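Have a look at this one.
By letter and in written order, the chains are A, B, C and D; residue numbering begins at 1 in each of them.
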Amino acid sequence: MHQKEINTDMPFLSIKDLKVEYKSDGQIVHAVNDVSLQLERGKTLGLVGETGAGKTTIAKSILRILPDVGSHIANGEIYLEGENLLKLSETDMRKIRGNKVSMIFQDPMTALNPVLRVGDQIAEVVSLHSDSNNRAEHEKRAKEMLEIVGIPAERYYAYPHQFSGGMKQRVVIAIALACNPDLLLADEPTTALDVTIQAQVLDLIAELRNKYNTAMLLITHDMGVVAQVCDTVAVIYAGRIIEYGTKQQIFKHPSHPYTIGLFGAIPDMNEDEEWLHPIDGLPPDPTNLPQGCSFAPRCKFATDACWKEPISMNKTQDGHDCRCCRIEAVMKGED
Amino acid sequence: MNPVIEVKNLKKYFTTPRGMLHAVDDVTFTIEKGRTLGVVGESGCGKSTLGRTIIHLHESTEGQILLNGKDVTNLKGKDLRQAREKMQIIFQDPYSSLDPRKTIDSTIREPLIVSRRFTKSQIDQKTQELMDLVGIDERLRKAYPHELDGGRRQRVGIARALALEPEFVVCDEPVSALDVSIQAQVLNLLKKLQKEKGLTYMFVTHDMSVVRHISDDICVMYLGQVVEKCSSKELFKTPLHPYTRALLSAIPSTDIDKPNKREILRGEITSPVNPKPGCRFAARCPYAKEECLKQQKQEEISPGHFVTCCRLQEISSSYN
Amino acid sequence: MPKMTGHAKNQGGFTAVMKQMSKNKAAMLGLLILSAEIILAILAPYIIPYDYSFMDMANMFAKPSASHLFGCDDMGRDIFSRVLFGARYSISIGIIAVAIGSVIGCTIGAIAGYFGGQVDNLIMRFLDIIQAIPGMLLMIVISAVLGPGYFNTIVALSIGSISGMARMLRAQMLKERENEYIEAAQSINCSKFRIITSHLLPNCISPMIVSATMGVAQTITMAAGLSFIGLGVQPPIPEWGAMLSAARQFIRQAPHLVYFPGLAIAVTVLALNLLGDGLRDALDPKLKN
Amino acid sequence: MLKYVLKRLIWMIPIVLGVAILVFIMMTFCPGKPEEIILGPSATETELAAKRLELGLDDPIVLRLGRYMSDVFIHFDLGKSWLTNVDITSSIKERLPRTLMLTVTTLFISVGIGIPLGVIAAIKQNKWQDSLCMVLALIGVAIPNFWLALLLVLQFSVKLNWLPALGIGTGLAGIKFYILPAISGSTGGLASCARQTRSAMLDVIRADYITTARSKGVPERDVILKHALKNSLIPIITVMGTMFGHFLGGAMIIETIFAIPGMGTYIIGAVNSRDYPIVQGGSIFLAITFSFCMLIVDLLYAMVDPRIKAQYASGRKKRKVKANA
């Protein structure tokens, strides 16, 4: 087995120039374009963007569970604790899935196997990653996890269709956290739930994350969820990170026109304005993205510089990065 | 002047193999011309059924519906058709509310054709007007729904609803399936149309920030019952019913400085089939007592602010 | 994540479907074979080298040769001409029977699908009874009642395909009825009849076309089966099943009699199945790429 | 589970009665007068009249139907054959096992080989194994079973003389007689089962819970066998029900080719000789057996799908629209 090159000076999770493409119906869909992200251990990064921005694809690339028909990682590296996951063999990668890195999915209704008992689906991940193969032990651990996520242990033998949406999502969380992963990928975990149930599930995730000091990549399109759970925020548009910073920086003074537009479009809870400020124009078509900045067609501040060639990420010292070449104009225009 | 829509003790029960499902249970409200009543609640609270029952997509089990003071509850045949032209609906799912086999043009013109009151040229002219009104450009006339994004499909749905010049429009979660940036465009369009055409809306949604922005009055529903009804400003300033307070506190706010204190509800929504009498929120309510199981009645605590909770006096002292 | 979710990429109109189909080589092959057969069948009386019923005793059991491509049968008749002419019977039986079965079946299915309640129950129970009798057994009983012959076989086969079509359309309508565009149609005062004809049926048609194509293939095989056991088309009519049945007695001394009629059935059914698969992928929204 | 079985059994009674009534009514329209068929052309007028009276042919149809139903369902007596006067029920008792033997072996071969083939084609989607399986399946589905039977007889009996072309044998030697019929019957079934399995598997492989399984680190082999296969069994079993009907029909034709004295030769022979009671009794009996086999398929369905089992545990009957092949 080749010696694994591990460079230890890297952050816990570091993604470099990730590029993912889908082949659908003869066209190439550029789902993720040169995405670079970092995440420290125990911290939570909020990945915010609209439908089709490539959020889920990034998460699935980390776990390497992209559907193999028609999709492939064009280039880029994903380092977890200094080890490039993309170079690992399938067997090594399998040891990591569900054990060091696990995932929670969006739609609880279809995330569980309808013909297997709920408890067995939890015990399965425990048995895959534990050295002992005594079933009773795995079952005990699964029942423990059920109690932790707030489901009575005797529901071990029930089937998914006997659970409500909120309860099913708790089972998915139990599966994801059964082996105390270091990194949790949560793909819009509460979007499909009602507000009061969402509050319960969000609190559960935050509580367990703090208890086990798990790093988390939270994917969502709801800025309120980001404000409540995340430490740092990355805004993604048409498969490219357009703004990155701490929660304070992004919420207090957003600098990219798209991020500003997002905040303008959300009806604010406590003020009362007559008209919302929508972002006009259409969402981007990933099969033919414009040459320059992909937000140019919808941007009020766009000049022909924005159309010509791709905009590089301009980094500032305090870590608040923004992929826009007219930041001063935007700042002026804004005040 | 009569309110555009008046609903008195409206009930809608569905017979299911497991028993009688109380979807809408004794709902009463009025909506004045040009105003918007927001109906908010979680899934399964009967808000969509309420909207569909008012415009006769479902037949009401009990109670009265008045359109401009005229009773439209048990209309049949010709009268029903006329009343229906005045009451229209906009649907939630842009992908399933448009017939995939029909072009945008034929979808918008269909209500005009079916009403048999317009000549061919009138229909062409009105269809063109409607498309401009909702902001769909000319080249999409012959397009099919799958060629459009969610936002523009909703615009086609709105154009179809406005074809017969209705006075009252039920908006059944029209923006829930849309992205935030597109959502704002459609909300602004709905407000513009209300101002221009003097439309009266009943806006059904589960998203509290949307309902606050668009509605004048708000009605909070839980398992088929109206638990609280008042102006939108007052509901967000001084919510009284325990469920409304829990609902408001559960919303993750984007204001990061003010960590909102949480009133997390226990347990899950109970089943609406063969419900026991009394307050249906009792099972999850932190303040529930014996008398909550008896039949509740709606009281007007302050002008225009109705609440259905028998223990309100004792509870409200512990709020501040 | 590709933007197009589950809905169809190419709804709307015949040309779009054909454009999509042209990408599928297998379906095109199926279409080619089928149209070739139909054209040959129509032109058969003018292009066949020998009269299909001309008995040339000298050539009894003649092996396939230049003059007789498929050789001759026990009565010295040219098998190539008989197979070609037989296509008129076999293919026409398949298409007409499925057409009649579809029209009647779809009406019954539409009524059951849209009105529901007691009507739906009654129709479904009746269909359950018919489907409790296996397909071939039902054919045998019907042909016992009607007696053999070309038209009786068509009647028997169309009765057989009614219940399948009705059940399929009913299931499809129940699925489409859940969509909101049906509620929208009701809210703009569309009559029940208009909802069925201009909204429900156009959206239920594509799976029906696919199953009708597969149905024709099944019906041709069943018709040949019936003729094979002597209950369908009677000799001397050159229907493929009847020819196979006649060839059975001479299997020892003239094996070549068996090859060609069977091959004709297989090729036709293969072409229809290829076409059906192509249609399913072209019309079905969830393309299995 | 027992409640589910009972419910389905009770549900079958009206259907079986319906089948019997339907077949009886259809048979009354058969050409030819029964007494002429029985006594033959040389019979005199008086003999014919006596026979009509004896068989009660002049009674109103409802009475005759009632009498026939009571004979069949109460006394289990399907009456006598017109030509040979042999009791129908006993001949059926002797012949039915042979037809069922052939049908069930065809079903087992089709499912036994078809499902694994379909699974392999689904896993190796768009690779050479997939296209090979699917091409073979397309050809398999296209070849009519009676033509294949003739070709097999030609090759293995006439030319190579390995296997008998006709008749049946007893005991172990009897197996030899069943090889060619079983193969010719099951090729089509095997092919269509593989196609159905492949499309069911492709649907299931795209489901969210398969991604969940992969994200748990489940090896690909278990993802397919443990997670995907069990879910795709549900649509496959539904199709198996209708396939059973095809096999029964196919078996009837294959019996005539291989001269197996089963229900097929019995009924088809009776049609040709216009011995209508046999056609009537045989069809009803075969339809009843078919319904019982469909019940077994339904039970399989309930065993695989916990949602159906839970349905009946809580005593509520769910309207199930069976997907048509």
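Operating definition for what follows: a contact is a pair of C-beta atoms (placed from the backbone, for glycine too) under 8 Å apart; a residue touches a chain by one contact, two chains touch by 3 or more.
As the structure is a prediction and not an experimental result, all values here were calculated from the model.
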* Structure fact -> Neighbours of subunit C that also touch subunit A are B, D
* Highest C-beta pair count, chain pair -> C-D
* For subunit B and subunit C, let me know how many angstrom lie between their CA-based centres, rounded off. => 50
* Rounded Å distance, subunit C centre to subunit D centre (Cα mean) -> 21
* **Centroid spacing, where centroids are CA-atom means, of subunit A and subunit B in whole angstrom** => 33
* Euclidean distance of C-alpha centroids - subunit A vs subunit D, Å -> 53
* Structure fact -> Expected list for subunit B, residues touching two or more other chains, is none
* Residue numbers in subunit A touching 2 or more other chains? -> 51, 69, 283
* To do: Could you check subunit D for residues that touch two or more other chains and list them?
  => none
* Asked: Which residues, counting only subunit D, touch subunit C once they are in their complex?
  -> 14-16, 18-19, 22-23, 26-27, 29-31, 138-139, 141-144, 146-147, 150-151, 153-154, 158, 199, 202-203, 245-246, 248-250, 252-253, 256-257, 267-268, 271-272, 276, 279, 283, 286-287, 290-291, 294, 321-324
* Where on subunit B is subunit A touching in the complex? -> 42-43, 149, 151, 179-185, 187-188, 191, 206, 208-210, 212-214, 233, 236, 246-247, 249-256, 262, 264-265, 268-269
* Asked: What residues of subunit C sit close enough to touch subunit B in their complex?
  -> 4-5, 7-9, 11-12, 179-181, 183-191, 194, 199, 202-203
* Write out the stretch or stretches of subunit A touching subunit D in their complex. => 60, 63, 65, 67, 69, 94-99, 102-103, 105, 107, 110-116, 124-125, 128-129, 159, 161-162, 172, 175
* To do: Report the residues of subunit D in contact with subunit A in the complex, numbered from low to high.
  => 125-126, 206-209, 211-219, 227, 230-231, 234, 304-307, 310
